[in-house]
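Encoded as structure tokens, here's the structure I'll be asking about.
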Amino acid sequence: MPSLFQQIQAGRIWDFHGGIHPPSRKTQTSQKPIDSYSLPARLYIPQRQHIGVAGRVLVKVGDHVLKGQALTAADNAMAVPVHAPTSGTIVDICLHPSAHPSALPEPVFVLEPDGLEQWRPRHALDMLHADKAQILQRIQQAGIAGMGGAGFPSHIKAGAAAAVDYLIINAVECEPYITADDVLMQHHSDTIVQGIEILSQLLQPKAVLIGIEDDKPAAIKAMQQAVAGKNHWFVRALPVKYPSGGEKQLIQRLTNKEVPSGRRPIDIGIVVQNVGTAFAIAQAVLEDIPLISRVVTVVGQSLSRPQNMYALLGTPVHELLSACGFEPQPSQRLIMGGPMMGFTLPDARIPVVKTTNCIIAPTHEELPVAGPELDCIRCGACTEACPVNLLPQQLLWYSKAKDHTQLQAHNLQDCIECGACAYVCPSEIPLVHYYRVAKADIRETQREALKAEQAKARFEARKERLEREKQERAERNKQLAAQRQQQLADQQKQQIAEAQARTQAATTELTHAEIVAERERKKAEARAYQAAKLAAEQDIIQSAEPTLSADDRAEQDPRKAAIAAALARAKAKKAQASGEAESTSVEAATVAAAPALGNTVEPQSSSSDDAKKAAVAAAIARAKAKKAQASGEAESTSVEAATVAAAPALGNTVEPHSSSSDDAKKAAVAAAIARAKAKKAQASGEAESTSVEAATVTAAPALGNTVEPQSSSSDDAKKAAVAAAIARAKAKKAQASGEAESTSVEAATVAAAPALGNTVEPQSCSSDDAKKAAVAAAIARAKAKKAQSASNSEAATDPTQADSEPPLADSDAVLPPVPQDEPQVVAQPEPVAANPSAEDAKKAAIAAAIARAKAKKAAQNPQEPS
Amino acid sequence: MSEFLLLLVSAILVNNFVLVKFLGLCPFMGTSKKLDTALGMGLATTFVMTLASLCSYVAEQWVLIPLDLQYLRTLTFILVIAVVVQFTEMVVHKTSPALYRVLGIFLPLITTNCAVLGVALLNINANHGLIESVAYGFGGALGFSLVLVLFAAMRERLATADVPKAFQGASIGLITAGLMSLAFMGFAGLVRG
Amino acid sequence: MSFRIAASPHHHSQAKTAVIMRTVALACIPGIAAQCYFFGVGVLVQIALAVVTAWLCEAAVLKLRGKPIQAKLSDHSALVTGVLLAVAIPAYAPWWVIVIGTAFAIIIVKQLYGGLGNNLFNPAMAAYVMLLISFPTQMTSWLPPLTLQTTPVSVSDAACTIFTGYSCSGNSLTQLRSDVDGRTMATALDTLRTAVAAKQTVSEAQTSPVFDGLGGTGWSWVNLGFLLGGLFLLQQRVIQWRIPVAVLGSMTLVALVFAMVDSDRFASPLFHWLSGGTMLAAFFIATDPVSASTTPKGRLIYGAMIGLLVVLIRNVGGYPDGWAFAVMLANLSVPLIDAYTKPRVYGQSAKRG
Amino acid sequence: MSQYRQIIQQGLWQNNPGLVQLLGLCPLLATSSSLTNALGLGLATMLVLAATNAVISMVRHQVPNEIRIPVFVMIIAAVVTAIEQLMHAYTFELYQSLGIFIPLIVTNCVVIGRAEAFASKNSVLASTFDGLMMGLGFCLVLATLGAVREVLGQGTLFAGAELLFGDWAKVLKITVYQSDSHLLLAILPPGAFLVLGFVIAAKNAIEARRKAKQPAAASTVQRARVTQAGS
Amino acid sequence: MLRFISKNAAILGVAAVACVAVVAGVNQLTAGEIAKQALEQKISSLQQVLPAGTDTSSLLSSCRLVKNSEVFGANQVPVYSTQVDGKPVYVVETVAPDGYSGNIYLLVAVGADGTVFGVRTLAHKETPGLGDKIELAKNDWILSFTGKSVHNDQDTHFAVRKDGGEFDQFAGATITPRAVVKAVKKAALYFQQQPQILLEASMCGGAQ
């Protein structure tokens, strides 16, 4: 069995499923020379003629431009410029019907030629010394986009970084009527070959395959002569079959490879370029002629002189037609492109663009208009014809029924809209049309569904929460009343005790996880131990118990340890999640592992600038793990635990001392992103909502620490805060749309706000960035509020938790694991506001105050322990 | 051996529970909107029906007949079935959460599936022995599942057909079931005896 | 100047549904001719009755539903349904049999589902089954083939018998069906089944004059006629090879297995090919695209299923011929078959195909 | 009184167990091959429904929520068995021709459905009345089905009525048309499905026509469609 | 918690006892009637195949179980005996095994001289509309046996018309009547040739 490459070398070609043989009708134009025509009175040059974005407009109305002068600039990788096809004056920049099935108006340059054909200065590129980047830049600057129909910017394909096995030159031209590439090959085979050489130089393919259908003997001969003597260049004559010219079909015919669904040819080491593109590249690189004209087949029996033309881009179609002796019939059709995939033009003023290869002006006898659509009888002719092996009859059925699930199950997205099915359909059903509508529908529905789902989740979460809150409140009131009665005697003392008790109670939720960890400590330690080994740092990890001690010893390379730990954890989680391990173990592992990481880069890390990377790694690892978990079958509790533990760990990573490190910012950003992702994944997964809740509860304060008081002196605090804010906002969005209970949102806000509040605490008045930070924080908080209040109208109405009990608010706001004193400041907004030493600080303070006040409000609606 | 094979073929095709004997029609109409649902329901019913025919046989032969309490048959059987369903639910829940996810929602529905009680009573009427009872229950359930799945696939296609307004929904569903039953008449006489 | 707008593709092959349907109807001609010759011209009367009923019913339903009558009738699908049902029932069955049958086919089996393209079952076959179980006597009253007829049947006799139950010369259908000894003649499949039930061997049974050594006397020619028509349809690419090949292939295989197990009780594949409605079913009925599987692999399964069921019902089932049942049973499996035989789409990994 | 009118409307038309809720399909199809059989089972079901509804409504305050289903099922089974024995004793041949469908009333989800949805929440009188009306609605559908199938398939009505009502009922038998060949389809299993399909379609059509006549009034009626349920 | 459960259990128990009590009560009420009805039905079904006025009082007690796979199929069949005009008459629940779709269960009354007093179809699976004409409810074909007699194995008149006998077959169905005729003929010959075998046969179980 010879290898694939050997078979290709031996000249083997393959076949694809289906395909049709419509009458080709190419002889009308294929024997004739390419003609030119007198300059049109005006050219309408669309600003965007390819797939991608339009360039920046460089000229204005009234400017005189030279032939080949760029009218837009390509400042973006997906942009290619357009050029003046001839010298003249830009008389207008306005909207004009586009060369698109919809013919929607689009911005164009209107160029009035001066008839002088005055070129801008041109500089051929010296191929011997030009490097790859230069060539690519030249290709881009010349405005070259795929000329076969799609119009993908050529420099991107030609600049592919991946290894390329085959460069395929598409000269198939399988649609009836079109002979533009045919005549181009007949007359310019040498230039084309130069273009291919340039492409080869860029891509270094193992072989170049030029595919031409065998109804173009002259072109085949011309190309064979032109490539004679080149190693691994093959001209392949393919038996006629539509749609051999489809990129994927051509690849299959020439190499027997399939491009996986949703991927691009480069992913399997293949680049396909149109023969016209190769020609344009050669002209651009070797003669510095940008893409300002192309060969267009003008054909159809409504024309007396059908022929191929060199048409300047921007030439209105009617100019070309009248040059060919157009005699329109009543209800004449004009087709741009081929009869199979082209579209009808409502207006003959539409200009020729880079992808225009053919204009057909058929008579009714020539291309009869489709008859009335009959019922599908499931005859299966379309199945036989479909080049991608779809079941068009089923797709039609489901398209009509708008059954999007089935449409996707039947791979509608893989339809290349070649029209073969509609061509053979005996009931004359415009199948492709149905698919286009269905595809658009699916896109639309997906958007709608997302919105609706979010709304629904919000509504349900609210309902549930209101119900629970009602109960909780009733219970609490009862309790409080009872307590009051009992404790009349020693109120003051009791209150303090009570606050402490509550604070502790608040922790129980978290410590619960830790207790579980304790239970499985051995396992966790072992795991941590391994991580430590990897880092060759045993000592720290051994002390990596969730004591959060601040006196742990400094170590040299906590980063590696962290990464290793993170990887280990991620793997463990993945394995567990997909396996059937009981959830508790997952829980334990995570609980234990995460704080370990935290400790790893504890205080000491302040001096190390690796903290950043560690944090990043940790974050990524965690995000992955969560994703895996969420989609896996692990029970939700594990997710819960993971999150619970993970977040504080990160918090510690950049604990107080990180203030001096200017990496804190990045760490925070990474952390934030990671968390956001994790939450998203969770929310969409099957995890129970409580887990999300827990995650948020802990995550936020942790982040708060990141930019704790000391950070005030750092001028990165601002960015950190912004990032944090954004991250939080995102997280909340994700949550709200997921199945999380609304309480989690609440919790997040409760905890997050004061944390951020710290950022702009008194000390911050000296920093002039603090202002911005505060503003950002305020905005973020406001958003969070909105989300909250949308689902939480009762929160503020709870009267029992007003300012009279500040300790309670604190305990809720700053859920341990890092119980520190700062929160108290939060509870007393006045001093902050009263401390303005600088103008900016004042505003910052105000913002902070407002924010805090809001946070308070939210906090009045506390979680469990009260 | 061939006797049991014939009993199976008879229960699955010739005397199909749903299309010929009119048993289990409610779940047949109710859980056949989606193919996946139908598969789950079929699986669950097969399991329960086989087990229930075994248990009801035991109850009849070892409890009711010795105590001469046959008049309590209906009462006993319905309780036996309820217990079997509950038991199945618990066992499946414990042993295979994945299976439970598939079958869970259907199990409670099965208690009121008259095919289950029907098979128990038919077994008594036909004087089936232990193995015959189980085979008959299994075959009947397979027949139920078969037509349920076929019917679900047809209904998925039916959902998109241009059915006249008055006939949409249950009406065309029943007419389709009627045509299915018509087709199943072709199996008549396949098993003699 | 305004131009006409249309969706791509702008080019179209010239095959048309109406033409396909008409071709199917035309391809029945050799078979019908053979049937006329051997079993009397009654079949022509039945066809006329069926087609008229089919058109009337279709028009009535379309009118009730407020749909364009002319456009839908001109797809000729009602015509094909009528013709196929008419050739499947005994040529001298009373007129109301074909009328009820056609009405059932068009109204219930086809139009209630939304008309052409939507029906799950083959209308002609569902109607045939309905008639068979509702009016078993009428549906099994075939005349003996020409060569065995004792009373010649003229065209006017055919009409008289169908509409009144008696021929113009006053013979009842039973008399027309009787041989010289006054015994009623049955079709070859019936005779074979009765004989086997009476513990005769297949070869003993086949000494009866209703057998001609291949299939049943006359039936062999009718089947050959439909085979010819079927080959014409294949050549015209109106039908594709998969279903007929699968039907006949599996039929041959299953019949062979049966015959090898017990050749005294089960007839040979050749007999199965050339008796009853084999060729009509294999080329004209099973290939009805609307109710057949629509995936390439599915069509093979679908066809094989029909072949298997037919032999099963003929050999061990309760009916002498099983085409209608087999086709219906395969019809009702189609959605399931289709759901599990989606071809692998270009670029999709094999697992998901 | 409007509650009772509501119950009548619900039971006989709006929420008819056979046509709308599609409950109790098995006996509906299995025993409707003749009018007599249909009436026999219909009446039995009606009795069971009224009796179980009454009993369950009586004990509704005594039965805790957690165990109400098993208790209901037991009550239903007991009532059904009692009625089965009575039929066995006094309508012997009808009992034989209805076969296992009498004990199968236990699993007719109309019964448990009404117990759950109505009897466990309403007074004894209302529950009994609801049981009667639902049963009557069911019985009427059954009878309609039986009549249509018998006329089409046998050309008669009330053939064998003596099995249900005693010997005097022989006079009830009406021969609608005399023919050698009836539409056997109607009394065979496929006919049951088809006829019920058409009856439901007829109801839909009538409903649609009514709605078209008085769009405002119709929109206020809430119709419960309970197709997702066991048998 | 425990109390809660036990309370529920108690209620369940009470309900169960009550239900069983009701059912048992109704059973007490109806058991006698059911037994009586069953008996009456049995007798009246036997009476169908016997001439009017035949003494049926000792019919059920005369029941004996006979096994002869040649004549009556694989299982034991009950045979009842009585006297008509002083001559012994036997009523047997026999089986025609070669029906179109399976066994046809028949009740046949024959005299010791081969005279058939009456035949009824008890159960069958023949094709509706074709073979089911052996039911009296569908067709009175089954009455055509009354008064016919079988004398010996070669008796060709005791066959369907198609085989040269005197019983009609149905249009489109020969197999069913042929099977019935054959079974009746075998039963008649059996009691003609070996009536003494009855005396050796065991009595039916108490259930009859």
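The letters A, B, C, D and E name the chains in turn, as written, and every chain counts its residues from 1.
Operating definition for what follows: contacts are C-beta pairs under 8 Å (C-beta built on N, C-alpha and C of every residue); 3 or more make two chains touch, one makes a residue touch a chain.
A quick note: this is a predicted structure, and the numbers were derived from the prediction, not measured.
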item	value
Labels of chains that are neighbours to chain B and to chain C	A, D, E
Common touching chains of chain D and chain A	B, C
Chain whose mean Cα position lies farthest from chain B	A
Chain whose mean Cα position lies farthest from chain D	A
Chain nearest the overall Cα centroid	B
Selected pair, greater C-beta contact count between A-C and D-E	A-C
Rounded Å distance, chain B centre to chain E centre (Cα mean)	32
Separation of mean Cα positions, chain D and chain B [Å, integer]	22
Euclidean distance of C-alpha centroids - chain A vs chain B, Å	50
Rounded Å distance between chain A and chain E, as computed from the means of their C-alpha atoms	80
Overlap residues in chain B, where contacts from two or more other chains coincide	71-72, 75, 156-157, 167, 172, 175, 179, 182, 185, 188-189
Residues within chain E bordering two or more other chains	19-20, 23, 27, 100-101, 127-129
Residue numbers of chain D (touch at least two other chains)	70, 74, 77-78, 81, 85, 181, 184-185, 188, 190, 194
Those chain pairs that satisfy the touch definition	A-B, A-C, B-C, B-D, B-E, C-D, C-E, D-E
For the chain C and chain D complex, residues of the former touching the latter	100, 108, 130, 133-138
Contacting residues of chain D [partner chain B, same complex]	22-27, 29-30, 70, 73-74, 77-78, 80-81, 84-85, 99-100, 103-104, 106-109, 112, 185, 188-194, 196-198, 200-202, 204-205, 208, 227-231
Residues of chain E defined as touching chain C within the complex	98, 100-101, 127-130, 161-162, 170-175, 178
For the chain E and chain B complex, residues of the former touching the latter	19-20, 23-24, 27, 31, 100-103, 125, 127
For the chain C and chain E complex, residues of the former touching the latter	133-137, 140-141, 174, 183-184, 186, 193-194, 197-198, 318
